[in-house]
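This is the structure, below, for whatever I ask next.
Residue numbering begins at 1 within each chain, and the chains themselves are lettered A, B, C, D, E and F in the order written.
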Amino acid sequence: MAIYLSRKEHFNAAHKLYNPNWSEQKNVEMFGPCANANWHGHNFELIVTVKGEPDPDTGFVVDLKKLSTLIRSKVISKLDHKNLNLDVDFMSGKMASTELLAMEIWKILAPEIPLLSSYARLYKITLYETPRNFVEYLGE
Amino acid sequence: MAIYLSRKEHFNAAHKLYNPNWSEQKNVEMFGPCANANWHGHNFELIVTVKGEPDPDTGFVVDLKKLSTLIRSKVISKLDHKNLNLDVDFMSGKMASTELLAMEIWKILAPEIPLLSSYARLYKITLYETPRNFVEYLGE
Amino acid sequence: MAIYLSRKEHFNAAHKLYNPNWSEQKNVEMFGPCANANWHGHNFELIVTVKGEPDPDTGFVVDLKKLSTLIRSKVISKLDHKNLNLDVDFMSGKMASTELLAMEIWKILAPEIPLLSSYARLYKITLYETPRNFVEYLGE
Amino acid sequence: MAIYLSRKEHFNAAHKLYNPNWSEQKNVEMFGPCANANWHGHNFELIVTVKGEPDPDTGFVVDLKKLSTLIRSKVISKLDHKNLNLDVDFMSGKMASTELLAMEIWKILAPEIPLLSSYARLYKITLYETPRNFVEYLGE
Amino acid sequence: MAIYLSRKEHFNAAHKLYNPNWSEQKNVEMFGPCANANWHGHNFELIVTVKGEPDPDTGFVVDLKKLSTLIRSKVISKLDHKNLNLDVDFMSGKMASTELLAMEIWKILAPEIPLLSSYARLYKITLYETPRNFVEYLGE
Amino acid sequence: MAIYLSRKEHFNAAHKLYNPNWSEQKNVEMFGPCANANWHGHNFELIVTVKGEPDPDTGFVVDLKKLSTLIRSKVISKLDHKNLNLDVDFMSGKMASTELLAMEIWKILAPEIPLLSSYARLYKITLYETPRNFVEYLGE
């Protein structure tokens, strides 16, 4: 028996898409205005989905307040009002794309969810860069 | 061949999270303000997803008006402007969590969908308690 | 010179519409399912709009973090996860309608806004009971 | 390793639900106001989801600008400000239901996505007819 | 003392922008794809705002159920699943623009609101043609 | 006779709140994480409202396509994928607050609207920095 529980959080961050191994010209060709040297930014929406069995005593897969606290302390605090290329340790040396950011958030949260409840596993990371562009990652 | 068709409905209800087998103190420790003795409430959003093959004569998996009528008569009428702990027969004796409510809604609708169309089965119940907290249930 | 700055906050509460001076029957006739004895509830969205001149040193009419802290400490803390009829001192003896709640929120916040900034005045309270029902109050 | 990338586009179109093999009366019985002879219409929202591996040089599954350009040139340009029953070649002879439209959009885009990136495949077409009615198609 | 109460309703309709006094060529020049001979359509969102004083016995400016019933019977029933150019008596001989439609809706509802409550007057009609295009009308 | 027509556009930009006349310490005290040296960013939503009389030949206050083109060429092109502090000529020497940005957008668009139609004037600039924080400016 499994049910999926999701919590949405948000953060505001700056980034640019820029490959340091490429010439300025190639970066502009590939990334267009997203390569703007002086950065741009987004209101990101992050949805964390956990899968598990409800605890009969609480009716919860996990306690949503604990889940929210976990996401804020391990992820949001490192991303909110930050520069994804310069300020975020786990993005160092990586392209600041929504795809790679979602995969790094997975790596941080996957080992933490079972500590909230032995009934629960991380199931999916959904990350909206804009209301029209988003990625989903379910682990390898 | 399968396609998924979803219909969103809504209801407004009161509830509290309170385990009668626990002391008042333990309830407050576990559920915080959600255990408020005098209740609180939400605008719930319910999405019912059915899976099937389109009927070539109509182009429909199921007739959306019939699906909406079914959801309203079997589910919404029992939940809207109600107290989930006190007024809802199928939640009696259960914790009034979003997880358990979604699972009970599944039990009500799963046998009804094939009566709408022999091409269709219930695929998923999605239930938003707030725009930031939601659950999904696909059956056991 | 004036500009309007708005901050949206939310709270979840239970209520019923019930006039204790009327018979049970008249209450049901007037309020229908909203008079359900066991309550129902909503995810309320509250928008507080202040009017003022931007401070040239900050570019702000008021500091949004201070505005948010004020709204949460004076209003949200008294309404969130509460019963509007039973738990809220400033609604005591009043009908728990969205109209009257918005007017009481105005009374609480109007004297506080000029303390945040001498440039600012409370301009409007907007209160959504559901995404389809809302009120606006601009003072008498 | 796979990640899912989605792009949302929109189009405004007229249609009616009408089976020419049926009598006027049977059409009205089956489709009600959706069979109105003079048409009605919707703001459709289309979400195209591709599945793939991020390119390490760009961090992208596919370039979202190329994906958006593809969707607009192959799909939106044929549907926006059009009549789904009369103006759209690939809907000719088919019921103008959301289900069948989503399946035709799949057929158009599925062979095109691998041309954007050898890492990517079309994964899902999601089509909202209204905010409360939508379909999802993942291929046969 | 005044407070503003709003109710949102919706309807789906087809239309085209076409001036019969102009040549086909001039219509295309002026209205582009909006002049498509075979129509296009939208999910319109209509917000009706009334202004008044809350009745102390109910806490209401007007009863929202009565307001909703009024809007549906006098306006939505004439527009939903209809063609604005062909099917709607009060738009006959007028351009089917959002501006003119909002003004006609005002004319219908303005005399009806005081019949709901002697405390209330129609204050504003807001009409969304798409989430990005909308008009507001407050009377002449 | 007047009606209000609004068009919503969006842009993604980086900024920081930082007063160069203040010490680093005072900037952090006043602006907190918004003063982050390496910037942060937002998906801004801009709503431009014009006031006018509908042209009887078109039913339009202004042609929405011309209004959209104007906003994009004069405003969005200067802000989208840019740094508000470094890249935007009309924000040079000003605090990059939502308030001051909205007022500068007014200055750019106010003289342009009457060129679209002699019936129309700029009425309001609404600028969302996040879905919960927004400003409105109606001119001095």
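Observations
Throughout what follows, a contact is a pair of C-beta atoms (placed from the backbone, for glycine too) under 8 Å apart; a residue touches a chain by one contact, two chains touch by 3 or more.
Keep in mind that this is a model prediction, so the values were computed, not measured.
In terms of the stated touch criterion, the partners common to chain A and chain E are D, F, listed by label.
Traced through touching neighbours, the fewest hops from chain B to chain E number 2.
Chain centres computed from CA atoms place D at the largest separation from chain C. Note: Cα superposition of chain B onto chain F, rotation of 180 degrees, nearest 5.
For the interfaces A-F and C-E, the C-beta contact count is higher for A-F. In this entry, C-E is the pair from B-C, A-F or C-E that repeats the interface of E-F, since more than half of their contact pairs coincide by residue number. As a whole-number value, the distance joining the C-alpha centres of chain A and chain D reads 28 Å. Among the residues of chain F, those in touch with two or more other chains are 131.
Two chains count as a pair here when they touch; such pairs are A-B, A-D, A-F, B-C, B-D, C-E, C-F, D-E, E-F. Within the complex formed with chain B, the chain D residues making contact are 17, 19, 21-22, 30-32, 94-100, 102-103, 131-138, 140.
For chain F in complex with chain A, the residues that touch the partner chain are 10, 12-15, 33-34, 36, 38-43, 80-83, 86-87, 130-131.
The residues of chain F lying in touch with chain E in their complex are 1-9, 49, 54, 56-61, 63-65.
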